[in-house]
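Some structures are shown below for you to check.
In what follows, subunit A forms one complex with subunit B and a second complex with subunit C.
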Partner chain A sequence: MTAADVVVVGAGPAGLAAAAAAARAGASTVLVDAYERPGGQYFRQPASVTRNRSGVQERGRHLAARALSVGVEFRPHTAVWDATPTDLHLVTGGTVSTLAFRAAVVATGAHERVAAFPGWTLPGVYAAGAVQALLKEHDLVPGRRVLVAGSGPLPLVVAAALVHRPVRVAGVLEATRLAVETVRHPWIGAAGLWAQGARMREGLVGTVRLLRHRVPVRTGWGIVRALGDSEVEAAEVARLDPQWRPVAGSERTVECDTLAVHHGLVPNTDVLRLIGADVVRRPDLGGWVPVRTPWLETSIPGVFAAGDCAGIGGAALSLVEGDVAGAAAACHALGREPVRHTARQRAALARERRFQRLYAALFAARPGLTGLPRPDTVVCRCEETTRGEIDAAIAAGARTTALVKSTTRCGMGPCQGRICLPLVEQLTATATGVPPVPVTARAPLVPIPFDAVRRC
Partner chain B sequence: MTDAPVEILVDGRPIRAPAGASVAAALLATGRRAWRTTPSGAPRGAFCAIGVCFDCTATVDGLPEVRTCVTTVAPGMRVSTGGDP
Partner chain C sequence: MLTSATVVVIGGGIIGSAAALFLSRAGEDVVVLERGHGPEQASVRNAGGVRAQCRNRTERLLAMASIELWRGFARETGIDFEYRQGGNLRLAADEPALRAFAHESIDEAADGLTTQVWDRADLRRRAPQVSDRFAGAKYCPTDGHANPIRATWLILAAAKRAGARYLTGTEATHIDVDGGAVRGVRARRGGDEVRIAAPVVVHAAGPWTPALATPLGVTLPVTPARNAMLVSQRVPPLLDEFVSSHELQVYLRQAPAGHIHVGGVFAVEDTFDQRVSQAELTHLARAVEILPALRRLTILRSWAGTLDLTPDHLPLLGFTTAAGGYLVAAGFSGHGFCLAPAVGRTISELVRGTATSVDVTALRPDRFSPA
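Take a look at the complex of A and B:
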């Protein structure tokens, strides 16, 4: 067993910033990440050593190099399979190990929300982030004619990146009527975009690029069905009402062989819940999020949470949260009083949280998504549980997500419900009127070889 | 480290992939979109591509249910597609 003053879980923007801040404050710091290269999703690095990096990838590489230069020990390909308030149980390849810590910063990021719609299990349907990841890391587009649909900045970013590739972007569908809703929330809009020049420029440049390539961009439209026998051949799309419910009679068919879908992000709180940190349900922040102090400490002393795993806020918020949490974790580990936030940190936190409110007002998941799956639509991709089976379980008296899970097996496959449970939770809560309670996180969080555990 | 291609065996047949590629990227680059069959018989390939969803699993060097999207190709790696063991 090894030990560190501070351990940081996840090497995305928040984790890289946290690890660097903790090491700079004098704490021995270990940074673990499930992937081979640091960067997380936002700073995802190219697999090829000879390929040119984008500006974002270059920034990520600098952040990682800076963290290593101040003494952070980086352990790639290392996932947390179990955790307590004092120890992380890790798996690297097929080998398990235990790492004791005085303080931890959990920066496990988020994963995508993709609503279950008829046909969404067909090959050719991807989470939009998957298309982005394949592009960033492997310079690969998994199709020839791509329809991008969903909500938030990511679909736009993905589509704008695709127009330079040998593919046709069949269209970009944004569920929210952006112009109407920005006018409806003028103060949130103005405050959220205040001092966000880079973000606005990126949005504008992306939109102009799509329009110049004659890509149809529609707001207030969404995907309702993927069509095809053994893979995607077309998509049925429809106009959406303000709650994202398809408007009957507005359906149209779009020819495409690939669908990139993104209905927002869900904070990844697995490690936090395993450790026992209290979480609250905040649909505006993406789902269950940890309760935190101003130093981003959770309800478990010495365990901090930073970045998207504590509420969807994007890379800029993650960087400053990581900075704050890393320094505070070092103080906890070394028995010092926590340092006060600097003026720069305070300003950045305020600015990015204003943007976070605008993002939530425009893009937080709306009730129409739960209406997309039909009785025969698979909701749990692992166990192939259908909407009909889930509805039947609820009708038979399952009043919580956990009960629906144990009666139908939905959410019990290898992904452990990461894809389907946010939807199952919404379906259950809507049908029963009972406020959801968080599903218990259980080890192992990732599959581990049986003999590896027997040895430890 | 160079970018010389790597040869892996997919169901016994050799395919070449760039060094550093994930197994999923290597399969997608050959034009394949599905390489697993669910218990109900439905074809599946990559979906999240970041290691969350477990849709893209295959047996790699004898180890079942390996996520091909987060597994890097290595010379001579044996990948068996098809379905749940």
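Take a look at the complex of A and C:
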């Protein structure tokens, strides 16, 4: 077994900032990430060193280099499969190890929220984030005619990146009617958007670029279903009401061979819940999020949470949260009083949390999304559980997510319910009116070989 | 809320539901109090073993009766709760263990239960996928396993159809006794108090049973204990039998969907904590020593349930002497799922005062009290 003063889980913006801050404060610091290169989704680095990096990738590389230069030990290809308030159990390419810590910063980011519309399991339907990852890491574009749909800045960013590639962007659909909502919330204005949030700014730059390339951008529209026998041939789209419900009679068909869909992000709290941190349900922040002190410490002393895993807030908020949590974790590990936030941190936290509220008001998932799956639509891909089976379980008396899961097997496959359980939770809560309770996190968080566990 | 019934059942798990089913069918007006939103504890967290071999005699008779009832449920409802009589295979580490199996097999035959004792060569031939480290095994072809979640919900649904009223999200808080006899149960539902007047209370709340029994002067020697399980990725059919080794302290079965479920013949005592520890996972992974094919597979998930252990690992089943009309059905020590149908029928017979189809006097709840 090895030990560190501070261990940081996840090498995205929050994790990189946290590891650097902890190491600078004098703590021996280990940073683990499931991928080969640090950066997470936002700073995802190209697979080939010879390729040019984008500005964002360049910043990510710089951050990672800075963390390593102050003494952070980076362990790539390393996933957490079990965790307690004192130890992380890691798996690196089929080999397990244990890492004891005095303090931990969990910066595990988020998953994309999946809308289960009819046809979403057809080949050719991608999460927009997956399309972005292919672009960033391998410079690959799936398909020839892409329709981008969903909500938030990411679809715009992805579509804007696609216009420079050998691919036709058939259109971009934003579920929220931005113009109307901007009037409804006077504090949401173009100027406000511009001033806040790197990703939002990227989105607006993207919109301008899309318009210049004559890509139709519609707001208040969304995907209803994907059409095709063995792969995507077209998409049925419709105008949406303010709750994102399709307006009957407004349906149209858009030809495309690829759909890039994104309906926001869901905080990844698996490691936090496994350690035992208390979580609360905050739909505005993407789902279940840990309860935290001003130093971003969770209900488990010495365990801190930073970035999107503690509530969707984007890269800029993640950076400042990582900075705060990393320094606080080092203080905890070394037995010092926590340092006060600097004026710069206070200002950045206030600014980015304003952006977080704005993002939530505009783009947090709305009830119409839950209405898209039909009885024969698969909701859980791993176990092939349909909407109809879930509804039947609820009708038979399963009134919580855990009961629906246990009676239908949805969420019991290799992905551990990361994709389907937020939707199942919404379906169950809507049908029963019972306030949701979080599903228990269980080891192993990632599938792990019997032989490896036996030799623990 | 105020209501009345002829029987109140505390606990809507598989034991409580089986009791509610047979009581309702016998014409009783039954209310079931369940503090959760449905069966959430040991009833749906066990391995689903349905086994008559290698048991204490009373349990053997209950298990044999249950197997008949399980077969009946499958036939009558047409619902597939994945019940398969694929056999139960108990592995022997050495020759003395095998000889003990042979003696047990004679007792079992006397009760009408057919089992076979396999030597090393038989085991190699009949179950080549099992490791060759074992000296032999005892095999009971009529034993098997089921999906405990589906089976529990099936019994619950049958109880409701028979007329039992379920109050979920309703936690029993007091058992009211007056003049030496049960008068009813008080419960909490959200912020409201619920009172159910009834002359009979069936207490089937697993490891949580002693808490409400103590105020009646009834001491139930039930210890909570954690029992962990894990499940592999899906694989093509490898195993019909439910296999166990008491030497390695693990058991396993393959569910029809292809996952291999592994559980432990051990428990971490004196805890309601259901977090699975590293030590337990490491122990369960020893299942590869029974089934070497597991080596190449990955573990997908783990979970744990809370057992209700008694000193002799046998249930507490029957009326108590402390208060008239107070019947305890708890302390099943991990055997409750398999035995539930026959236990439910026996509870109904005890409450109705008719002859019991299985003699359960050996399981009386006050057997540990000084006479």
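By definition in this document, the second predicted complex is superposed on the first by the 441 of 456 C-alpha atoms of A that agree within 3 Å, B and C clash if a C-alpha of one lies under 4 Å from a C-alpha of the other, contacts with A are read in each partner's own complex, and residues count from 1 in each chain.
Heads up, the rule we're going with is that a residue touches a chain if its C-beta (ideal position, glycine included) is under 8 Å from a C-beta of that chain, and two chains touch if they have at least 3 such contacts.
These numbers were taken from a predicted model, which means no experiment stands behind them.
**Q** Could you figure out whether subunit B or subunit C reaches more residues of subunit A?
**A** B
**Q** For A:Pro414, using the defined touch cut-off, is the partner it touches subunit B, subunit C, both, or neither? Pick first, second, both or neither.
**A** A:Pro414 sits against subunit B and subunit C alike.
**Q** With both complexes overlaid on chain A, does A:Ala34 touch subunit B (first), subunit C (second), both or neither?
**A** Once the two structures are laid over each other on A, A:Ala34 reaches subunit B alone.
**Q** Answer with first, second, both or neither: which of subunit B and subunit C does A:Leu134 touch in the superposed model?
**A** Once the two structures are laid over each other on A, A:Leu134 reaches subunit B alone.
**Q** If you stack the two complexes on chain A, which partner ends up touching A:Val339: first (subunit B), second (subunit C), both, or neither?
**A** neither
**Q** Thinking of the overlay built on chain A, is A:Val125 touched by subunit B (first), by subunit C (second), by both, or by neither?
**A** It touches subunit B, and subunit C stays clear.
**Q** Answer with first, second, both or neither: which of subunit B and subunit C does A:Asp451 touch in the superposed model?
**A** second
**Q** May I ask you to decide whether A:Val70 touches subunit B, subunit C, both, or neither, giving the answer as first, second, both or neither?
**A** Touch status of A:Val70: no partner.
**Q** Using the superposition on chain A as set up above, list the residues of subunit A that contact both subunit B and subunit C.
**A** On subunit A, the residues that contact subunit B in one structure and subunit C in the other are 413-414, 447, 449.
**Q** Once bound in the complex, which stretches of subunit B touch subunit A?
**A** The contact residues of subunit B facing subunit A are 1-3, 18-22, 25, 28-29, 33-34, 38-40, 42-55, 57, 63, 65, 69-70, 72.
**Q** Which bits of subunit C are touching subunit A when the two form their complex?
**A** By the definition above, subunit C touches subunit A via 37-38, 40, 44, 149-150, 153, 156-157, 166, 168, 232-233, 257, 274-276, 278, 281-282, 285-288, 294-303.
**Q** What residues of subunit A sit close enough to touch subunit B in their complex?
**A** 34-36, 41, 47-50, 94, 111-112, 121, 123-127, 129-131, 133-134, 137-138, 140, 142, 230-231, 378, 381-382, 384, 413-415, 418-419, 447, 449
**Q** Note which residues of subunit A are touching subunit C in the complex, please.
**A** Going by the criterion above, the answer is residues 82, 89, 98, 276, 396-400, 402-403, 406-407, 409, 412-414, 416, 434, 440, 442-444, 447-451, 453-454, 456.
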